[in-house]
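Labels for the chains are A, B, C, D, E and F, by order of writing; each one numbers its residues from 1.
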Amino acid sequence: MKRIAVYPGTFDPVTNGHVDLVERSLRLFDEVIVAIAANPKKEPLFALQERIDMFRKAIGKRGNVMIEGFDCLLVDYMKEKKAVGLIRGLRAVSDFEYEMQMALMNRRLDEDIETVFLMPSEEYSFITSTIVKEAASYGGDVSSLVPRIVVQKLRKKFGSRQHC
Amino acid sequence: MKRIAVYPGTFDPVTNGHVDLVERSLRLFDEVIVAIAANPKKEPLFALQERIDMFRKAIGKRGNVMIEGFDCLLVDYMKEKKAVGLIRGLRAVSDFEYEMQMALMNRRLDEDIETVFLMPSEEYSFITSTIVKEAASYGGDVSSLVPRIVVQKLRKKFGSRQHC
Amino acid sequence: MKRIAVYPGTFDPVTNGHVDLVERSLRLFDEVIVAIAANPKKEPLFALQERIDMFRKAIGKRGNVMIEGFDCLLVDYMKEKKAVGLIRGLRAVSDFEYEMQMALMNRRLDEDIETVFLMPSEEYSFITSTIVKEAASYGGDVSSLVPRIVVQKLRKKFGSRQHC
Amino acid sequence: MKRIAVYPGTFDPVTNGHVDLVERSLRLFDEVIVAIAANPKKEPLFALQERIDMFRKAIGKRGNVMIEGFDCLLVDYMKEKKAVGLIRGLRAVSDFEYEMQMALMNRRLDEDIETVFLMPSEEYSFITSTIVKEAASYGGDVSSLVPRIVVQKLRKKFGSRQHC
Amino acid sequence: MKRIAVYPGTFDPVTNGHVDLVERSLRLFDEVIVAIAANPKKEPLFALQERIDMFRKAIGKRGNVMIEGFDCLLVDYMKEKKAVGLIRGLRAVSDFEYEMQMALMNRRLDEDIETVFLMPSEEYSFITSTIVKEAASYGGDVSSLVPRIVVQKLRKKFGSRQHC
Amino acid sequence: MKRIAVYPGTFDPVTNGHVDLVERSLRLFDEVIVAIAANPKKEPLFALQERIDMFRKAIGKRGNVMIEGFDCLLVDYMKEKKAVGLIRGLRAVSDFEYEMQMALMNRRLDEDIETVFLMPSEEYSFITSTIVKEAASYGGDVSSLVPRIVVQKLRKKFGSRQHC
């Protein structure tokens, strides 16, 4: 039986930490589906399709990784995909509390779903999409934190470095 | 001397965890006043009157529980009610930090007020109004997490389950 | 009906933070019983009787505070005393996690018991018996942190300040 | 390819939370090896062989679960077993910090090993072997927290309930 | 060589805790530059110039403290000022996580910058600009928490105490 | 005026994280004194003199770093050395709580002392002396985590790798 995992998120935009987590998930599962939440309420910087495209470029062509958008209840989505594992990255304590709440909620909504917490490489331990956008908005160099395609897209959005 | 406690919150909407906390408070105090903050800045999903009505239906008619709205400084409200205890639920660490700040602030504003932290039943330990609304907005079944009246109200707001 | 609370601990030795918590508990309960755990496994610095005596001297004669030792299951002790509230002080996050575990365990052992978390005055927020003993062991001046009787007892134990 | 996970611990003694975690792991892996650390430095209450026996009785005969002792570097043990996943339960924040340190250390010692954090059922969220032993040492009823065999063993160790 | 530190923030408005931190920084550095972020996205209550003026009045005329606004990448600003230390106050755990992320991010953007965490006096440990504004918006007395000039400015913004 | 900092600890043994912190401190202070606590109660693995020698070898000869043992109240030691800053590394949340308690205690004992928290490089963020000793006791390769001299000393203590 093929074991499938879903790795959900807003990925606005994808970071090296997210890519690292996909690689780690592939050691444990036969297939990983990156499920990008439409999340219009959060007013993402990048449109859903852009976020999908960036993640695809970052990962490259792979037989066992699928990247797509979704806009429904996560547990329904997973059932449809016949996924058994819900992948989440763990970085920090505040993360952890919220993640635990979400995991217990999802278990209540569907008890067949098992949330699997993985730890990104420590060099990516502090990277969040938010902090990347904040640095990039002032022209900070984030090329060691996000895939090349994201560096380009951020530069287009925010322009070049602002002088103090 | 009758000991009165105030249990303040936005309660947007009331959950089973909130109801559980009222029950627990009644073991310790002679009367509990649920004080629902108007909180227009937070843009609540439900209007103040709706939130009051839902909490009242959830609790039922009881001689020692009062439910009302308020829109002033909490410590002033408590003084007017001659309350000695300020009830707060403790769930998680991030909670705890914020709660401690609020409790110290309230003590500074009126040192006669004692914040009393109680722990909800562990089966409600992960429920927040926010997480309930998020699940319900996609049609998730939250009937084990909130009173029946809230299930109905949420369904009206968000409609039926969305397909993936 | 008289509401009784039990405030359990090792109190090795009592600090100003503990005394502060007794005062706060008296606003909420008709009677507070300070229950000092024998705790021989922890190898306390002071014998049980000494710990009882120090707490009594620190509190002084009061009609609504009782101080005694105990060496049995806390929930059994509370049932015998007809206590409804179990008082615990909350200082820090690590505290909080352990306290929450204990509270859920005690609830499982006897669901009639309600743990009530109170916050000590912020000027005592960092004081623990352990940190006091550590400072005192090198002759540090802890007279602003513990009752006078404790200062004397600690000085007897550890002698005068050591030179560097 | 068969995916094997190792679930290491002292298990002194096994609790319902540990058993729950084995069940959850079996959803994700083809085989789970419970690896019980000899850990003589920690002075466990039960001998290694007793801890192995109790876990075996608790789990029952199963083709995809193996239970054995080990007394070497965990990453060496896992390599020998050809395991890809290292299972750890996540309960609370203090846990989390320590677990993250251990996981990063193990990754440094062998980068092929992936630590997988799973969440026990919330009804076991507060149970630790330590808290169980503490309650049992005073005769507290822990039969809803540990397997039947452990209840019996603890009773033998600690005798019947002590009066206050 | 003169050692310069930058203490960045939104300071909307300055509190006694911020002033306390400037004093502490002056023990360690030869000059402290308070760098007030324009931060238009956060929609501050006070305009940048007002925030600068309030901080200046709060600190008074001092040769080794400079207060100014900035609207660029913090690490660029610091390089221009030839600053070696980036001062941040540490209050609570949630703080700590975010602060650590920011500090690691800034180190990545410029590895010559060292973030220095200092602890405000415990009497200010719970004060944040946010909590002060919330209390003041209902007319709460915050005169023990913020400089006199801020009390006046808040009163102008929010008017007198609202009745319950 | 020369600014002196003290970096106290048990350093049993020194790790790369400790060395990193000394380097960072030297950017901020004119002189750093590494003060190694005798700490006989903790039963260190290495004798005080060994710990001093290992730290000296790890740092090498430097005019602005001094390494010595101490066995008295830290604040007294610092006063004698005319030190203004007390350096502490911050790694994780549990750390943070304890560190904050110690810092407030030291401030109470001598209000002229300012505790300065620095963050080690993220690649050392999980290393503690304890975790290093645990890995080394089973023959784990810790050569990327501690100075070369410590690798040698640990090997002498614990012998070669144990087979599973």
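In the analysis below, a contact is a pair of C-beta atoms (placed from the backbone, for glycine too) under 8 Å apart; a residue touches a chain by one contact, two chains touch by 3 or more.
All values derive from a computational prediction rather than experimental measurement.
Peer 1: So which chains count as neighbours of both subunit C and subunit E?
Peer 2: A chain counts here if it touches both subunit C and subunit E, which gives B, F.
Peer 1: I want to confirm something about subunit B and subunit E. Since they are copies of the same sequence, is their interface symmetric in residue numbering (over half shared, so same) or not (under half, so different)?
Peer 2: Subunit B and subunit E contact each other through largely non-matching residue numbers.
Peer 1: Which one of A-D, C-E or C-F makes the same contacts as C-D, at least in over half of the residue pairs?
Peer 2: C-F
Peer 1: Would you mind pulling out the distance in Å between where the CA atoms of subunit B average out and where those of subunit D do?
Peer 2: 38
Peer 1: How many angstrom lie between the centres of subunit A and subunit C, each centre taken as the mean Cα position?
Peer 2: Each chain's C-alpha centroid was found; their separation is 47 Å.
Peer 1: If you average the CA atoms of subunit A and of subunit B, how many Å lie between those two points?
Peer 2: Subunit A and subunit B have C-alpha centres separated by 33 Å.
Peer 1: Which subunit A residues reach two or more other chains?
Peer 2: In subunit A, 93-94, 97, 100, 104, 122, 125-126 touch at least two other chains.
Peer 1: With touch defined as at the top, which chains are paired up in contact here?
Peer 2: Those chain pairs satisfying the definition are A-B, A-D, A-E, A-F, B-C, B-D, B-E, C-D, C-E, C-F, D-F, E-F.
Peer 1: Quick check: in the complex, which residue numbers of subunit A touch subunit F?
Peer 2: Where subunit A meets subunit F, its residues are 93, 122-123, 125-126.
Peer 1: If we count contacts the way the header does, which residues on subunit C are in touch with subunit D in the complex?
Peer 2: Residues 70-73, 75-77, 80, 93-94, 97-98, 100-102, 104-105, 108-109 of subunit C touch subunit D in their complex.
Peer 1: Under the definition above, what is the set of subunit C residues touching subunit B in their complex?
Peer 2: Subunit C residues touching subunit B: 3, 24, 27-28, 84-85, 90, 93, 96-97, 100, 103-104, 107, 114-119, 122.
Peer 1: Spell out the residues on subunit D that touch subunit C in their complex, using ranges where they run on.
Peer 2: By the definition above, subunit D touches subunit C via 92-95, 125-128, 131, 135, 138-141, 144-145, 161-164.
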